[in-house]
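Each in structure tokens, the structures are laid out below.
Here come two complexes built around subunit A, the first alongside subunit B, the second alongside subunit C.
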Partner chain A sequence: MMRLSSDSTRQVRSLRPAHSITLARTLHPGAWWVWAIGLAAGASRLTNPIGCLLLLAVAGFVVSARRSRAPWAYAFGGFLKLALLIIVIRIVLQALLSTESQGVHTIVVLPQIPLPSGAAGLKLGGVVTWEAVITAFDQGLQLATIICCIGAANALASAQRLLRCLPGALYEVGVAGVVAMTFAPQLVADAVRVRSALRLRGYDGRSVAAVRRSAMPVLEGALARSVDLAAAMDSRGYGRTTVDRRATRMATAGLVIGGVVGICAGTYGLLGSAGSGWMGLPTLGLGCALAVVGLVVGGRRTGRSRYRPDPWALPEWLVAGSGVAAAVILFLLAHAHPGAAVPPYPLQMPEVPPLLLVGALVGVLPAFLAPPPPDRVVDKGRPR
Partner chain B sequence: MTPDPAPRLAHSGTAAATDDATVTSSAVTGGEPGSVATNRAATAAQARGSRQPHAILPLRLRSALVLALVSLVGLAAYTWPFFLTPGAALDNSHGSDAPWFFVALLPLLVAVVVAEISAGGIDAKAVALLGMLAAVGAALRALGPGAAGLEPSFIVIVLGGRVFGRGFGFVLGSLTIFAGALVTGGVGPWMPFQMFAAGWVGLFAGMLPRCHGRVELAMLAGYGAVAGLVYGGLLNLWFWPFGAYSPEVSYIPHAGLGVNLHHYAVFWATTSLGWDIPRGLLTGLAVLVAGRPVMAALRRAARRANFG
Partner chain C sequence: MASPRLALAVVATAVGFLACTATAPATAAATAVPHIQAQPAQVAAGPIDGVRPLTGVSYSYWGFYQWDRAKHAWQFSPVGANDKQTATATTGAVYGFRWALVVKTPRPPRAPGDFAAICGGTKAPAGKKRIAFVIDFGTATDSPSSQRPPAPRGVCAVVPSSATAQQALDTVASLRTNSSALICGIDGYPSSGCGQKIANATPPPPDGRVQLQLAGNGPSTDSGSSSLPWVIVAVVVIAALGAGAWLLRARRA
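For the complex of A and B:
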């Protein structure tokens, strides 16, 4: 029965509706993450404030065009606040603590507070220059852009679906993660319920004793629920399909230990002196490859099939490809016009070569090429 | 083709598992020969290697070795600014590449070590307990006033690691951070560093010496205070090398161990120490206040689920 259905799926694969870029469906979360990491990698090559602002606008536009109505889809605002905080902290620290004035255009001379000699050259206050402040702003904006690109992935990709893509060796821990994500909101509701019950009995919920009185029932409830959940999982045959062969176990052990030793040696080589070149990247790459193969082989122990796996079709390729292409273009830009990627004089208007605009335009393509999320389309089509 | 679970489902479904005794018996009798063997191996390893009476996910020799090696690389991911040799491959003109290298490497390391610890047959009860405790921690993280530096989920991680052992503590710590980040939409380059540090908090809580009563509570409270403080100091390190805040508090390549340690100490003292000390104190205090009932509840749950 199952074989028949899988054969027929293979036949109609070329006609799958998943390839359409207009059919409303949820995009594979991996595609959004590849796109976002591509943009972030591109931003890591730019301190040009105009380039960083362009990338921020790209991330914000794609989020507003393609986010769903789930609660986590509003995470981007939080990331924007964090980005502002990073920039402000950068500027304040630079203005207050820097001894090198880094320029001649003074904004203000703050009263300088003498510090004990233990602080070795640290100063508080003194001359604050435009050059120092704008350099701090540019560098803070770069980090803020990287953070916001990651925030865009948080807002666009569903965490539940991402958990389903975990490798097989992490299957059990992934299930524990699903349990945690399912019950965490419920625990908050539990806490509210217990606290209102306490208030009805005349306790106020402010003292330490009250917190303890309301926390313990929530914890006890969670533990009791975990025992019930384990019983339910056991009765449905959870974890019964373990294939545990001695040969597989030994192979996994060898691969994982070899891989980890390789990663150790590779990291040591990368951090150590230049003389040990062979211990650097090649050893590290080999170690990573061995560890990944170990994860795949170790994942075979849970023989299981995936229920309705997320497709990776044309829109996924387009979205992931746009992120990778943007990263490649921005790396090329940093190579071809180093003065435009990292402006040498902070007070000059930074130049904006066409390549930068092309990179930003390629990055914004998912706003049009990704299929719209289903919950927003349904709302739009509803008659008013 | 993967084996169809349906027949086995019918088989074990005959034991309508509602109370703990039937769950345990079905876990032993219902499985395939292979899974019975792993169960037996796990029990034997528990009797041999664990120090906690209720240890779940005990560390076998192999996973302990992997954990030690991976922790070494993890420690390098935080402390590389102090040890980077001039002229090394990671030592380039713009010093901000090395942090991204470790941001890319750490998720693979976390995956390998968690898979390795959980490879020894993790059953439904362990999965459910792990998920529930991580849910409690994640909910505390979502509710907790992050701005005040308080990390209330540390109570769950410390006490869970203490009651259920080292391996469980590590997995619980990193899973709590992971689930909390997914629930609040806070996945970022800082997450792998937080997962490692929180995993160590749980791991070392499980490695504390055995004792009872007030001594145990005082020891755990002191440990929680130290862990809260050190956690903050470690986590600053991942973004510290990005900064050219000012020459006296930022990372200077080639400046040597002493200078950079001093710069970092000044950076820590002027920025996050004001949050880290309250976090340490509050974690210790919370363990002191809530430790006894929480540990009693965890041990009771372990007895009901018939672990070890």
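For the complex of A and C:
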């Protein structure tokens, strides 16, 4: 794209339909993941319940506005239920089992089972205080928000399309991922189809005999499909290596693994508030650099082609940028108003500085800036 | 302690970024603080016997002390302020809290734990106990930021006989604790953070004696957050987004 230089081609590029934010198309899955990880990273700095609820509402709104009709698009509801479960478990564990965060405002006194003195920090029953319950709720809500942000990415982006974007150096992983992602759902669909066919013929679909009877057609279908997929992948150059030197392979693998470990350590240092200096940004930067070098070196060794690659155009930049902006604003907030990001007194109304609202609302922009998914727009009679 | 967590983070990221981001904040809180008040084992290896300064790292934190009436001196508490053991204290116990930069020796409150002076004028009904607290906010050199330490104060808590030291203190001062119930701030001092790690700190000058302020029994009012309008705006925004999501879902389902 950078090679286009004359004025006329630049004009053509600016008119590329991929840059339109209203033309219905599927957004690049990487953009949704950057957006979601940005929101999750922001939430990792907040135990302010209002801030977390804001982020939850933002994620839910964007999912409702921009999800497709694909099966995975309905995943967000499941993540919301998981979030509720997390909050309930957190409250029960912390209020009933932990002696930590116990204040003085008692809700109820349960009968207490005495534990040996070795069980420091543990109790069974006893006093349940408002402080313990509200602290547990805030922390559970934070974890739930992070999980729901990731759930939003799952609902909005197709995992198969994301795997297709894997760089060439990781193609073994990509092949395994594509095969798994394609076959698990198809296997289930096959099994359901065969079982309903059995039941239509008057058999009980759940007995051991029925399982034995349906195993054969299901496996047969899976084998047929795997042969088809293998042929399709073969025709696109999967499995063909252009550079076959052992040293290059080892160097690539070392660079990528070292880079991924560096990225993990750096992300942990950055997201966890452990705050030891060497583990934060420097490690992340080093890891990213290593990984990029490894991917570039490794990418040269495969020569596969892509079938209709997803473009990365203006809407992708806007969506990814909104997630990054939300994360940056919330990190700034945690730095400037630590008392608002992590409310010190659980029983007081948490502070809400305007920056918190701005940070969360930047995250809602993809609901308007991302192009609508094609299968939603067809209903209204607009062209695809 | 860090390496299993790191390994956990590596494994989790291999599974997916989900697990990595989900566990990091939950586990990170535990590493954020030098475990001084809450864990007896670490206290024993801490500033008292001078093990920690060998590493060149010092901490400033709220130290928890108990007044030893026989020796007429402060003793670094072997247990945390929220430990069940402190609940067995009866009327007459004196606890000290001192914010200090600890390099080699423990730095107890700079005023003696005079129970009669602090709790002498207070009566306790049956079933309750009187606990005296000496809260010493330290000197300006101990301060982690530009925040000026308030004057040291003595206060008497009248609490149920089963209350721990931390619960008793909670009734007479506003406590800011972290997720492990470690005391990070008392009466808004310091206003943020939870203990501070300082590399290669120079030992502070020896402490003199100070006079306690005994007036004003009750938590100081530091809740000056006047952001209620923004809270209302935030709640309205949450409601609007939630309703919008619901409507879009209903329209498109």
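Going forward, the second predicted complex is superposed on the first by the 256 of 384 C-alpha atoms of A that agree within 3 Å, B and C clash if a C-alpha of one lies under 4 Å from a C-alpha of the other, contacts with A are read in each partner's own complex, and residues count from 1 in each chain.
Criterion: a contact is a pair of C-beta atoms (placed from the backbone, for glycine too) under 8 Å apart; a residue touches a chain by one contact, two chains touch by 3 or more.
Worth saying up front: this structure is predicted, and the values here are computed from it rather than measured.
Comparing subunit B with subunit C, more residues of subunit A are touched by B. When the two structures are aligned on the shared chain, A:Trp130 is found in touch with neither subunit B nor subunit C.
When the two structures are aligned on the shared chain, A:Ile147 is found in touch with subunit B and with subunit C. Of the two partner chains placed by superposition, subunit B and subunit C are both touched by A:Gln139.
Within the superposed three-chain model, A:Ser44 lies in touch with subunit B and with subunit C [touch as defined at top]. By the touch criterion stated above, A:Ala222 is placed in contact with subunit B alone, subunit C being left untouched. Once the two complexes are overlaid on the shared chain, A:Val261 sits against subunit B and subunit C alike.
Touch criterion met: A:Leu53 reaches subunit C, while subunit B stays clear of it. Shared contact residues of subunit A with subunit B and subunit C: 44, 99-100, 120-121, 135, 139, 143, 146-147, 150, 260-261, 263-264, 267-268, 271-274.
Interface of subunit C with subunit A (complex): residues 2, 5-6, 9-10, 13, 17-18, 20-22, 24-29, 31-32, 38-40, 82-84, 159, 163, 167, 170-171, 174-177, 179-181, 184-185, 191-193, 223, 225, 227-228, 230-231, 233-235, 237-238, 241-242, 244-246, 248-249, 252. Touching subunit A in their complex are the following residues of subunit B: 1-5, 8-9, 11-13, 15-20, 22-23, 26-27, 30-32, 34-35, 37-38, 62, 65-66, 69-70, 72-73, 76, 80, 83-90, 94, 96, 100-101, 105, 108-109, 111-112, 114-116, 118-119, 121-136, 138-139, 142-143, 171, 175-176, 178-180, 182-189, 239, 242-249, 262, 266, 270-271, 289-290, 293-294, 297-298, 300-301, 304-305. Partner subunit B is touched in their complex by these residues of subunit A: 2-3, 44, 72, 74-75, 78, 90, 93-94, 97-100, 119-123, 135-136, 139, 143, 146-147, 150-151, 153-155, 159, 162-163, 167, 169-170, 172-173, 175-188, 191, 208, 212, 215-216, 218-220, 222-227, 229-245, 252-253, 256-257, 259-261, 263-264, 267-274, 277, 280-281, 288, 291-292, 294-295, 298-299, 301, 303-305, 342. Chain contact summary for the complex, subunit A toward subunit C: residues 37, 40-41, 44, 47, 50, 53-54, 57-58, 60-61, 63-65, 99-104, 117, 120-121, 135, 139, 142-143, 146-147, 150, 260-261, 263-265, 267-268, 271-275, 338-340, 344-345, 348-354, 356-357, 360-361, 364, 376.
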